[in-house]
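What follows is a set of structures to go through.
What follows is chain A paired twice: with chain B in the first complex and chain C in the second.
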Partner chain A sequence: METNNVNGQDQVQDTTKSPSGASIFWREITRDKMALISLIFLVLITAFVYGISLFLNKEEIVRVDLFSIHQAPSEEFWLGTDYGGRDVFGQLIIGTRNSLSIGILVTLMTGIIGIVYGLVSGYFGGQVDNMMMRILDFFLILPFLMVVIAFVAIVPTYSVWTFSLIMTAFLWMGIARLIRSKVLQEKELDYAQASKTLGSSNFKIMFLQVLPNVTSLIVVTMTLNLAANIGLESGLSFLGFGFPESTPSLGTLLSYATNPQTLEYRWWIWVPAAVLILLLMLAVRNVGEALKRAADARQRRG
Partner chain B sequence: MKKISFSKALFALMLILLLALAACSGGSDDEGSDDSGSDDTGTEEGTDEGSDEGAEDEGGDEEPAEEDDGLYSVEDFAPSKTNEGEAIEGGTLNFGLVSSSAFEGTLNWNFYAGAPDAEILAWFDESLLGNDEKYRYNNDGAATYEISDDNRTYTFTIKDNVNWHDGEPVTAEDWAYSYEVIGHPEYTGVRYGSDFTNIEGMEAYHNGEADSISGIEIVDEKTLKITFIKATPSLLTGSIWPYAMPKHVFQDIPVAEMQESAAVRENPIGMGPFKVETITPGESVTYVKNEDYWQGEPKLDGVTLKVINPNTVVQALETGEVDMVDSFPTDQYPDNAEMSNVEFLGMTDLYYAYIGFKLGSWDAEAGEVATDDSMKMSDVNLRRAMWYAVDNNAVAENFYNGLRWAADTLIAPSHPEFRDESIEAPTYDPEEAKKILDEAGYEDTDGDGMRENPEGEELVINYAAMEGGDVAEPLANYYMQAWEAVGLNVQLLDGRLQEFNAFYDRVGRTGEDDPAVDIYQGAWGVGFDVDPRGLYGRDAMFNFSRYSSEENDQLLEDGVSEEAFDVEYRQQVYSDWQQLMVDEVPVFPTLYSAVLAPVNNRVQNYSIAVDWNAPHEISVTAEEPVVAE
Partner chain C sequence: MGFLDVEDLKVYFPIKGGLFNRTLGNVKAVDGVSFSIEEGKTYGLVGESGSGKTTTGRAIIGLNDITAGKVSFEGKDLTSKKSKTSAVRKDIQMIFQDPYSSLNPRKRVLDIVAEPLRNYEKLSKQAEKQRVGELLEMVGLSPESILKYPHEFSGGQRQRIGVARTIALKPKLIIADEPVSALDVSVQAQVLNFMQDIQKELNLTYLFISHDLGVVKHMCDDIGIMYKGRYVEQGTKQDIFENPQHIYTKRLVAAIPDIDPKNREAQKQFREEVQREYEHSYNDYFDNDGLAYGLQSVSDTHLVALPEKG
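Right, the complex of A and B next:
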């Protein structure tokens, strides 16, 4: 599937084996400075927030302190305090971790459900496909935001897990459709037909033969979904349907800016979170774009 | 590289979007309750109505020296505007109605339900009875009254020069008519209640058994006589309906259709200092002066009233878009105390916030509270210890900059006549709290740092608090921390704050108390009438704590008995009652509150005092509002 580089040296060294996916990706990313910086940034920030938060005392950070309300950034509070006297820097670290966790969890879970659903639907086709797609259509027409808000209101305990599950329940359809359409093409190809003729089980063809051939599509879609999912959590929290303030997230920090006084006079509470959301989403997107190019020979730069 | 510049453009775009997103308000409007005017039962309030937030900009640059502790006090504010300069002839006043939603536009005292509509009404229609600073009706209004010896019959005389905006005189028949409409079986509004059933013959009329109300007699064109079943001092503090209704306008409209009629919605008339000129539904109302006003011709040419979003109040005041607003969000005060073009008026609000303990449930069949001695919070020592454990002074100073202050009794400082300052209520003393708990047998027996109940069982107290208002969340957390500090394990109900309506439903507004709630944090907007039966009586649905005792019943009954016409006796009764509440702690008050009203410097003769009734005297010193420097 990959075109070999016409560079003379490459031809001499290795004319039969096509370069691996990882090396194509690596080459693609080094050619795009923006993507490279984004990747480094992502790795650093992820390592940082997950690392640091091991040493932070969450109880201490969300503890209301009446005597240090609305402190401006200082040596004691690097990013000042909010209206409950809580350290914004600590909340930012834990908030970023929570938001990232949700983004990753939702992406993984929607990915798994979507892939399996799409594979089964596309591979079997016919009536099975028809029925499964109608069920999917049903989920698609649900007013996503309303239903999520209703669910958020009725779950008894609200944690990163329940939140992720609720989101997953309404976000797996896109990837399922994508995989299905790809599998519909893929199963008509000779290798799949041959395998079938040789008596391979459906399971084996689906998961061991067709699936690896749609991997690049999956990786790209999931990376781009990740960016969207981080934003989704922030958006819901901003609207007031996200986490309680005792579970900081980027969205709750941002939602403090709904107060005109905070927006105007106390930038340190919401600007860092806003900038971080922006950078995270941009960085994930940049990496995703590089991946996309790596997966599609026509768009490749190198 | 083209790609990079695209990313940069995207970055800039998203930054703008984010800022715009942050600027769009999610403005917390928790004015969920209807203000039912003279209703003496009080109104449910968000714990944080007006979204008050303690906010002191430490990094602020221009703090005046005398306020360097960042604290304010209601004492710093006068209720009346100081006058500077010469008034001009005429002029138009711009009044801002602070609300995050459109007003309903039910513009008749007999039918309105929302507080915004009441603000609009007040400009063009008024009570026939004036009241003094103790909220008692006096003879300074458009009508005077005399009371019979047995205190049951009131004879009202409407002054001769009181006319409707269309020139027709306001008659005794008009006043009686508003009673007939409210008592009518087909009446669609919310006014009909105990104030009206206390009139002789009202229930028979309401049930359709009589064509007229036997207790209401039209003596002559301007004289009305009303006889009540039970004489109580509450009659004079709002239990008499003081609004007339122009019968010549409404008589051809069926009662069931009145609320939706043009006479209420489109071209309402009243007897107040200004006439309604135009109404833009939900947005604004313009008034012109009523030259025939009974107190004299107004000095202003007119008034323009418009709805202002709470998030843009400051800007609207600074630019002079409005001269004044009905209520200013006090959390925005510290950052704007220096606004140069307005004077802030202030006074004590008819309000207290409190923590309530569930002591029973509502018995719907008997229509009264069923106090249960075996509830989790039934031990008075536990309740008192929880009062000692919280530092309301610190809460008031740090969250509210002193614009709220620590409360001690259940009669707010808005009623100084009946409030007993000498009562000693618990104040912050965690050691005392621990001592009380130790002595009452609440000890940590399993070594987890949290106290168990005297039977040695784990004690987890479920705490219901409502969302809305900016400090709701940290405030609830603070209280839980304070209780944890004395060893009590208090958990937020469902782990989160409750939405306003859900909160009051679960606490028991409909009588179906959620047994999961052990304690709750609520607030009351109290009525003019000091009588607390509507909130703490045995038969009061709003008695959310479901507390009852013989002594409480007796004191509350004494407070509205005939002897209570003697003010000293009534003071003693309510003093005893306040003491009883401090001893029994069915609820404990946490904060009292101030109300603030900024007024443009060009406005004269304006006041927010309760006994102020001279809207015709308002004048301005310039054609245009003063703009902030």
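Right, the complex of A and C next:
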């Protein structure tokens, strides 16, 4: 009898430590080799570009040096130079940092706005929902590219923050609509109704009951958005509506390839940036998939 | 003033459509229902799908808006907007039909059962955990399961977690909305007997919503039969099962399966007889819209929906 009791005690103690979200994610990611490699790659590249760029002198890198135009990779310039004689390697580091910063910032800001907007709209429904969705529609029909072009012309100092803000203003609608449609379903389920009968406030039901049930959707959308936002920033810069050449990003480097001479003979200017964009987007996606499984108990591998 | 009084309760759902989303009409889910429950008793609400029995229960607890009528609990009016948040709600709780959707799949059992406690009683973490453990023990689950997720339990266990959450605040009235219809028969008995046990233990009053007459017969003291949002018959268990007056009730009672194969022929004949009577006298029991008439009293406890004499 006594040994049984002792065992029972032990079991209780064992189970009191519940797996935290982070440990579940860690278990999930070690089960998936691709995701693990992607995560390591992402962490390394992020640490590397943010770390190295602390020691790099941005002014020096973006200063035009007419004596070293279009140099092939050498010991002095690891990845050669562009048409202004600027070091491509340095630009790549700072460019990756800028692109990542914008991607992360925009994803976080659109995520927060979208989640709150979608939750409120979907949860209260009816007239509130109707009104909020019409406001959203208004933002949706604004021509994104045109506004960004106008913004480029108006704003004198173009920084990571201002660029992120303008992108956020036009990119939060997608996630808001997605969350809203899911919340419309979720709030009708018995558990949300039960919460109401148990005396929980609307705020509590929204953020503590319904929100955890849409996390997998949020995580997947946000990771895909992160990849998309990095791509979008690069695209805008490539078209010339993003950062100027004095603020390098992966997109500005890529845009050098619009020159056929550069495209054909000077691969070192644009190939590293292109490969980096591809790898970053792939890695983010892989990690997102692992996160998605970790967020949903039924999809977990271990 | 009784324990729970429902007077002429009406719940209409608007049909929207046409230009500018006008209200074109109403679905009369509950159309003038009155009954009262005594403390400590079990009141059964029976009817076919769509007869409005669930809507009645949900309207009482405040999940559906009441179009007209009055619901009062221990003399306190529940229909006013203000009472939606008041402490009266604490005394009325609900057991939901589907144990698979009524528990939040992302929450641990501890969080699920502790939710009402966190809303009404400020307990320390340790005290809260202990209370949850006690509640789980009460419903026959091991306290070790507090850190599991709902999907790790069977249907019957999940329903008992739901019951543990319901009784956490020591409510006086529990609205049980088909609490066992999603469970298989062996587990049904288990949950029902358990519900009767805690009823005695905590002096609970049940409003038991079901379409299963066998279950209702087992559980309830008084029974109301609903059809298309109206009452067709109301009375004690004896009134309904031994002396059904309305043809709809007669058909329901005739439909209860008899497990003795010797009675099979007699049962079949009895059913056919009731069916003939139903076809023959349909117009005596239902008005031109196919709805039940107002209730007439047959005896002190027994009310039947019959056309007014004369």
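Here is the rule we use: the second predicted complex is superposed on the first by the 253 of 302 C-alpha atoms of A that agree within 3 Å, B and C clash if a C-alpha of one lies under 4 Å from a C-alpha of the other, contacts with A are read in each partner's own complex, and residues count from 1 in each chain.
The working rule: a residue touches a chain if its C-beta (ideal position, glycine included) is under 8 Å from a C-beta of that chain, and two chains touch if they have at least 3 such contacts.
Keep in mind that this is a model prediction, so the values were computed, not measured.
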* Mind working out whether A:Pro212 is in touch with chain B, chain C, both or neither, as first, second, both or neither? => second
* For A:Ile277, decide between first (touching chain B), second (touching chain C), both and neither. => first
* Asked: Of the partners chain B and chain C, which touch A:Arg266 in the superposed model: first, second, both, neither?
  -> first
* To do: Check whether A:Gln127 is in contact with chain B, with chain C, with both or with neither, and answer first, second, both or neither.
  => neither
* **Partner touching more residues of chain A, whether chain B or chain C** => B
* Give one of first, second, both or neither to describe whether A:Leu198 is in contact with chain B, with chain C, with both, or with none. => second
* Asked: Between chain B (first) and chain C (second), which, if any, makes contact with A:Pro156: first, second, both or neither?
  -> first
* Can you list the residues of chain A that touch chain B in one structure and chain C in the other? -> none
* Structure fact -> Per the touch rule, the chain C residues reaching chain A in their complex are 61-63, 85, 89-90, 92-94, 96-98, 101-108, 115-116, 119-120, 143-144, 146-147, 149, 151, 162, 165, 169
* **Residue ranges of chain A touching chain C (in the complex, touch as defined)** => 11-12, 15-16, 18, 189-191, 193-200, 204, 209, 212-213, 215, 297-298
* Structure fact -> In the complex, the residues of chain B that touch chain A are 1, 3-4, 7, 10-11, 14-15, 18-19, 21-28, 51, 53-60, 311-312, 314, 331-332, 335, 391, 394-395, 398-399, 467, 470-471, 473-474, 477-478, 481, 494-497, 499
* Structure fact -> Contacts from chain A onto chain B in the complex sit at residues 32-34, 62-64, 66-67, 69-72, 83-86, 153, 156-158, 238-240, 244-246, 254-255, 257-261, 263-266, 270, 274, 277-278, 281-282, 286
